[in-house]
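Both complexes shown next keep chain A, but they swap its partner, so chain B is in the first and chain C is in the second.
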Partner chain A sequence: MPKKVENVGCPYCGVCCDDLVVTVSDDGKKILEVENACAIGNEIFHHATRGKRIQLPRLRQPDGTYKDISYDEAIDYAAKVLYNAKKPLIYGFGSTNCEGMAAAAKVAERAGAVLDNCASICHGSSFLAIFDNGYPSCTLGETKNRADVIVYWGANPAHAHPRHMSRYSIFPRGFFTGKGHKSRKIIVIDPRHTDTAQVADIYLQVKQGHDYDLFNAFRTALRGHEIPAEVAGIKREQILEVAEIMKKARFGTIFYGMGLCHSDGRNHNVDIAISMTRDLNDFTKWTIMAMRGHYNITGPGAVWSWQFGYPYCLDLTKKDIAYMNPGETSSIDLAMRDEVDAFINIGTDAGAHFPIEAVKHLRKHPWITIDPNICMASEISDLHIPVGIVGVEVPGIVYRMDNVPIQYRKVIDPPEGVLSDEEVFERIFKRLGELEAEEAAKGPAKAVPQGIRAEE
Partner chain B sequence: MKTVTLTLTKPPELMLEGQNITPDNFAGKKAAEIAALDVWEGKQKGPLGNYFTVEGDGGATAAETKIVLCGDCTRVKRVGQQMTAGEIVIEGDADMYIGGWMKGGKVHVKGNVDSFCGIGMEGGELIIDGEAYHHLGSSPRGEWRGMQGGVIRVAGNVGNDTATFINGGTIIIGGDADIHVSTHGEGGTVVIKGNAKGRVGGQMVKGDIYVFGEIENPLPGFQKVGEVEQEVDGVKGRFAHYIGDLGERHPVSKGKPVYANIYTRI
Partner chain C sequence: MANRITLNMITQRSIEEGVAMEKGKTTPEYFEACSIIEMHDDDVRTLGLVPNQLVKVTSECGTVIVKVVKGRQSLYPGLAFIPQGVWANQIVPPRTQATGEPQYSGFPVTVEPANGERRKSALELVQGAVGMWRGDQ
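Moving on to the complex of A and B:
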């Protein structure tokens, strides 16, 4: 009889829905049904057992094709690439568990690599603002139970976090918000009239790239000063109306997304949003939260801050000194400035997400992809190491967008012989140690990597 | 003053981190000892002599040491970092962090520089004949006490995030500035002889900004209070005086709030 697994966590977005019910076939090999998940989360589970999976690492051959090799050979290749590079870059981690991130950090430290995660092209600018200005945040539970005014600024959860509005912000009935949607005021601020804007009580169409000016106007108005007749395409009356609603709220939360993090000014847009949140706390209770993208992209920030003191863009090339300065040690900048000479893409798809110029620069050097699936990165790599899917085949700890850790479980076993991210990195770590010992015994001469690089 | 001439003969494959190239480190050392100082290319530590030829010995102290860098130093960063005295001349372009955290002495770059030059500066003089990129005279990440003192003079344009968290010192820009000038500023002076794109003085508490040209997108938090006649960097002119950022906190001195000032030339 098919088995129902309840309270399963979803390995898709930062909302980390943990109320999924997954039905698994008799033999435990096929996922039959997924309940409660959004369309995308649903697909992640079904995808795991629908088609043929890659079960062995694949190494690029001189003729451009892939050849299956053993995990031992793949781990040896990866360790040698890391060992021989002057400045390798290990990037990704949006879709893996904290155990894998901790193991990768050990490898990065031993190999003298740069360690970066997807925040680098996502909410990294939020980190910079948080360093500068603090983070008056809360948990999603507090928003659900208390908030009567919700602001979505430069975020479109209707598409990017499909269940965010129904689980935490707009629709749920919480302890002090028994009337649900009816008792809440929704404000959406975005240059585009998104599907999220459809459910808003007030929608402000800010001029693209002028969010900072609008925040500045809100802050000036909140302190009782005059503001110009129009700021960033919004009329003064509307700004004052929204400022008044925010002041009169019982509890408010500002959710912000890429509209602030990746329009002109980046961290400064988030920075002034934090300043405004602080200002609003002179009147009532206001909080702010980053709409983190992947289900465990908050994880590397938590894990590496604990290990090294920095959440992302970690330059560990000096091994005993961790250094961080996005703009220099961030993946895209390193790639564009030709500052790295090996690349490991893990739990993300740099081939799809990076600017094409950055990909071209990185492709001059060995490129290794560690990912369960075939993706753009795996198809241009020199080596593709398949792993189990976290949250479906591999259990582990993940951090939700509000920094709440959740223990994810597995519903099925990974394909036979396939390792987890953590196991792959632990074995690379061990192999690096062996290489160091071999070199120490041999003297100063360096080994040449055995893998063969494909022709461009 | 004794001069040490470094000529880049073997350019690095990646970027070269030359934080040891300062008069403080060269003082009291012979040419051969200077050639043995460490520089970094990624995780590889190597002697400076692997990349540069070294001519001349250092002076007895940092103040008596002058360093001249020849060759294409576009991929050399951190020159003059944390220097306290002496002089450095770069005969062309250079990369990031030139004169970062410097406390004294003088750095003269005859070409362009990349980002983060003069960050966390406490004193001394940084002169750039070409253009500078982002974060000129800015504060290091997470540091709310930015530039404390010294002078930065750039002949050309600068990128964004100039003088973030500036606390003291002077930055003079000959050309235009991109967005974010003196964001979170708590003192110091920035002079822009060209135009500024926008977000000038956002979240600024104290300090002065002079713009000779125009501010394309002025912030709503600044209000005009009058006009003043002033001499700025040897140029006399009439300026419109704005105070702000009215959205930010401001200290009170003698019963009156202290604001940051923006002056735009009329």
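Moving on to the complex of A and C:
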């Protein structure tokens, strides 16, 4: 009999849906059906057992092809690359569990590396604004149960967080919101008339890159001052109408996304969004929340803040002193200034998602990819170490976009012999310790790893 | 009609890109989901383009060939959209305003018909950029 596993967490986006039902074949090797997931989550589960998976680490050969090697050899190679590099960068963590993040942080500290996560190119601006201005936020449950006005600003959950609207914001019937979407006002502010805008009561087509102006106009209007006839492409009457709706809400939540973080202004856009939320609290209860992208990209912020005091862009090159300065210690800036001499891509795909100029710089040095799948990063690496898929084959703790930790489970075993991210980093950590001991025993000469480019 | 126009580019997620990405970045689905550009009808008319025509998009730091499609989500004239991914990142400026975040949205590009040029695959673009492309294996 195929087995149904209930209450499964989804390893796709920051909504962390935990109501999936996954049907697994009799032998426990194949995923047959996934219920409740969105199109993307569905694909992640089916992809795990649909085709052939990489089961052994692969090392780049002088002719450009990959050769299968053992995990022991791969761990040794990775440890030696880290050991020999002056300033290695370990980046990614959008798609792994907190256990893997903690283990990687141990490695980064021992190796004297820079440790960074995908927030660096995503909600890093939010961190900067939150440091400066606080974070009047709430949990998604509070939004579901209390909110009668929802604002999506520069966010398109219909595409990026497909079940966010049905689980938490627009449609669900909560404790004090029994009429569901009928009793909620939805305001969408975006330069594109997105699929999210289709379900809005009010849509404001803000001029791209002028979000700050519009926030400023709202703040001015909320304080009862005059505003110009048009701001950022939006008419005064519409601004006043929306300001009035926000003031009269019982409970409101502003969900914002990459429209603010990726445009001109970056953290300043988020900063003024937080200020507007604070202003609104003079009238009624308002909260704000970053639409965090991947299911556990909130995780490294929580784990590393606990370990080192900083959530991202962590410079551990002095080993026992943690230092953070985005713009200086952030992955893209380090890459563009050629300041790192080895790169570990873990649980992300920098090959596809970094601007290509940054990829070119990083590729001048040894590049190691730790990922379950073939991706752009794995296809330009010196070494690709396959791992089990968290949430499908590996259990662990993840943090939802509202900083709520959730224990994820596994529904099948990983392919035979394939390790987890945590196991890979624990073994690299151990090997680094051995290399340090060997060096201490024989003097100042440095170990040289096997394989091409390793001499660098 | 103009030979080329300057537009304001934004690159963000689309659900088609999300599904295809999880299926695999070397799949035809990913290629079709990401190697496209959406523009306002007025801008398409200005360039005299027909649907599915290929265009060359050039930013301050690169060039990419993509296909013009009519998206479900409409833009205003002057704004253009390429889904996040390999093709978008050929032209995304790596400048970060000292925050670590590249300029994924809101950078000027020129768009012109791509005469005789083809869309490259994801692997060709990424491996090609770092000198590892060995042709269709």
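Everything below uses one rule, namely that the second predicted complex is superposed on the first by the 452 of 456 C-alpha atoms of A that agree within 3 Å, B and C clash if a C-alpha of one lies under 4 Å from a C-alpha of the other, contacts with A are read in each partner's own complex, and residues count from 1 in each chain.
Just so it is clear, a residue touches a chain if its C-beta (ideal position, glycine included) is under 8 Å from a C-beta of that chain, and two chains touch if they have at least 3 such contacts.
Because the structure is a prediction, the values reported are computed rather than measured.
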{"item": "Fit or clash - chain C, chain B, common chain A", "value": "fit"}
{"item": "Partner chain in contact with A:Thr348 - chain B first, chain C second, else both or neither", "value": "neither"}
{"item": "First, second, both or neither for A:His159, with chain B first and chain C second", "value": "second"}
{"item": "Which of chain B and chain C A:His225 touches, first, second, both or neither", "value": "first"}
{"item": "Partner chain in contact with A:Glu339 - chain B first, chain C second, else both or neither", "value": "first"}
{"item": "Which of chain B and chain C A:Ser275 touches, first, second, both or neither", "value": "first"}
{"item": "Partner chain in contact with A:Thr298 - chain B first, chain C second, else both or neither", "value": "neither"}
{"item": "Residue contacts on chain A - larger count, chain B or chain C", "value": "C"}
{"item": "First (chain B), second (chain C), both or neither touched by A:Pro326", "value": "both"}
{"item": "First (chain B), second (chain C), both or neither touched by A:Thr177", "value": "neither"}
{"item": "Touched partner set for A:Ser95, first chain B, second chain C, both or neither", "value": "neither"}
{"item": "Three-chain overlay, closest Cα atoms of chain B and chain C, distance in Å", "value": "6"}
{"item": "Contact residues of chain A, present in both the chain B and the chain C interface", "value": "128, 264-265, 326-327"}
{"item": "In the complex with chain A, residue positions of chain B that touch it", "value": "13-15, 40-44, 96, 115-116, 134-135, 140-142, 144, 160-161, 165, 179-180, 183-184, 198-199, 202-203, 217, 219-221, 223, 245-248"}
{"item": "Contact footprint of chain B on chain A as seen in their complex", "value": "85-87, 111-112, 128, 131-132, 210, 212-213, 216-220, 222-223, 225-228, 231, 264-265, 268, 271-272, 275, 279, 317-319, 324-328, 337-341"}
{"item": "Chain C partner contacts - residues on chain A that touch it in the complex", "value": "12, 39-40, 43-44, 47, 64, 120-122, 124-125, 128, 156, 158-160, 162, 191-195, 197, 205, 208-209, 258-259, 261-267, 313, 326-327, 330-333, 335-336, 349, 351-360, 363, 373-376, 379-380"}
{"item": "Residues on chain C engaged by chain A in the complex (per definition of touch)", "value": "8, 10, 12-15, 18-19, 21-26, 61-62, 72-76, 79, 81, 84-86, 89-90, 92-94, 96-106, 122-123, 125-127, 129-130, 132, 134"}
